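Once you scroll down, you'll see the structures, which are given as structure tokens.
Presented sequentially are two complexes of subunit A, the first with subunit B as partner and the second with subunit C.
For the complex of A and B:
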């Protein structure tokens, strides 16, 4: 079996394909070029994952996030959450709907249309990332319906479940849309068995073992 | 007039699909359903010429809707518009006899592809 660094590199590359696809998809939706930093995938145990995630929540999102999440089951089992700072979301939603308003709101009040829009965007982005990974390692996933929520005092406990899940895959992304930087995070809370399955497939497919 | 039923639980997606298709098609009546079950009811009631179906939906999944619609009308014209990029899902759904499987988000090029299918089907009617 390859060492952890090598497998992590391959996993990062596989996720980057999906993230690149997701950025391209978002760019299509809002019809504007999106700059995107290439994220590093970090595989952490639940305790370390919570510490890192709490740093993001406090420093970037100041505790208020809009969360779009989808669970997946079948052979791979876990939950993906796409987190965005809530105060940037009105601008982002306007871009998605091709609407403009005189002043950008930074309130945390959202309409049903706002939620519906972000839910569908989250659905498309998460499908890009998890679906491309699924294709690459040839392991199918089945999704549950997406959820959307705004959390005012979010902390890592919302996203990392220590009871059922043991590992956290975390990616921090910075989207630049026309000078507006939106620092997002993708948190994948996955069972150990699922990650083992993925890494074993990576070994077989990419390391010939 | 050709009837096109759009079945999608996202109003955002419904709006994009309608706006893009409506640019290129004439004499089309668009109908909408907000989940798979409502889609099946409208399909049974209206018998649309084409049905555009999302897969991940509440109450009745798109795959189940397609299966039931085909039981009602074996020749039902179904186009799938889904965010699911998994090859296996595409393979399974394509074997159900759909006209096309297109990944979201819909853009001008993909919309034209759907319009070509609907346009060709409409002219042959």
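For the complex of A and C:
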């Protein structure tokens, strides 16, 4: 248990370094002050991961989410999903694009332009997280550009696969654009072997074991 | 195979640039010439950030650095980067690492999405126009409803609205076993007011009576202008005599009084009759007839009282 806590703390530190760089890149691109923080990372088995994720989906996103996801393979195998509450996304995109649209702000209809905007943000955030992890443990990770989707009635089953993937790294992402906060979630669904590889490397690097 | 690739890249409807790790342009396809207006011969060997100044930014340098070290693709959207190539074209940019003879080269793909932006902008304009028209229509509907259901002079309900509510309130009283009150109000000597002070002042007096009745009744009661100087008031959900008395007392205070209108001191008095469902009738017609009868009795009593006072 004590090992778990220290590993989760190390992962939290690592990912915060990553999202810090992502925030600085995004601030440069959209020319606005951006804050990105991950309060904590939790390593959960698939069943607990689903419970936690369903809480987020019901309480924050009310079931509808915009998802940016990539699958990765090579030495590490798994899938990363970056989730945002869909009803907040028009406002979020408008803030990024310096635009104002009063009409249909809460609608779940998105254009290709909206999808491309989220694709870029997803690419930057996921790159920062997986890149930092890959660098820290020195295991290469290969992936493509994120796929973007809007799920109207999402539940944890969409993101956590019990059969092939056994463990979940779950973290919440606080996105702050000039005072407007949007609560996202990141789910990394990994094979047990992949996560073992990462945790063993972390133990060696940080605890000397 | 290597000899085919430049031929393919020349046919592709995407702007393709190849650059070295130190950003030097090694390939610039014909579509890129059309997008940028710059010939391949002008740009080969130059730094990409000098040829396309929009790329001379920290985010681009850090993307190049990440791409060289990790090899994972990078995407920049036309929406967030408005003038990547030139102000007239909206392009998405995809960047990939290509290893050639052990060295990293970067492939930059510029995908023209200008038409997409134009179509979406047109759609937004249509939606905005539709929304504007829809708002205008709603406003007009409100005006039409006002004209159809409200008395033009006094602003209270007209007979059409009265009929609508009368049926509804009568069914409610029947279903819930409550009483429905119907008040018949007549402005005494209104012809004399018109003849003495003029029709303009008479109209204003009528509006004051409508306001007086509205202020004295409850939120769900319906005050209706029934004829020239006659009003009907529907009083739903009367459960006890006390419910009615509270309203009657408020009207009684204002029933006989002096009002000042257009500088004239006018004596205003109202004759009122009230009937109740089910005691006085079971249809609205019965209730109006009965209330009218009681109103005339009240008018007669008031006249007698007045005569007695004058003879005393």
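Here, the second predicted complex is superposed on the first by the 198 of 209 C-alpha atoms of A that agree within 3 Å, B and C clash if a C-alpha of one lies under 4 Å from a C-alpha of the other, contacts with A are read in each partner's own complex, and residues count from 1 in each chain.
Convention: contacts are C-beta pairs under 8 Å (C-beta built on N, C-alpha and C of every residue); 3 or more make two chains touch, one makes a residue touch a chain.
Source: prediction; values computed, not measured.
When the two complexes are overlaid on subunit A, subunit B and subunit C occupy overlapping space and clash. Using the contact criterion defined above for the overlaid structures, shared-chain residue A:120 touches subunit B and also reaches subunit C.
In the superposition on chain A, A:111 makes contact with subunit C only, not with subunit B.
In the superposition on chain A, A:132 contacts subunit B only, with no contact to subunit C.
Touched by subunit B in one complex and by subunit C in the other are residues 21, 25, 28-29, 96-97, 113, 116-117, 119-120, 123, 127, 131, 134-135, 140-141, 143, 145 of subunit A. On the side of subunit B, the complex with subunit A involves touching residues 9-13, 16, 56-58, 83-89, 104-105, 107. Subunit A makes touch with subunit B in their complex at residues 21, 25, 28-29, 96-97, 113, 116-117, 119-121, 123-124, 127-128, 131-132, 134-135, 140-141, 143, 145-146. The touching residues of subunit C, when paired with subunit A in their complex, are 57-59, 62-63, 66, 70-81, 92, 94, 113, 116-117, 120, 124, 127-128, 131.
Of all the residues in subunit A, the ones that touch subunit C in their complex are 21, 25, 28-30, 93, 96-97, 101, 103-104, 111-114, 116-117, 119-120, 123, 127, 130-131, 134-135, 140-145.
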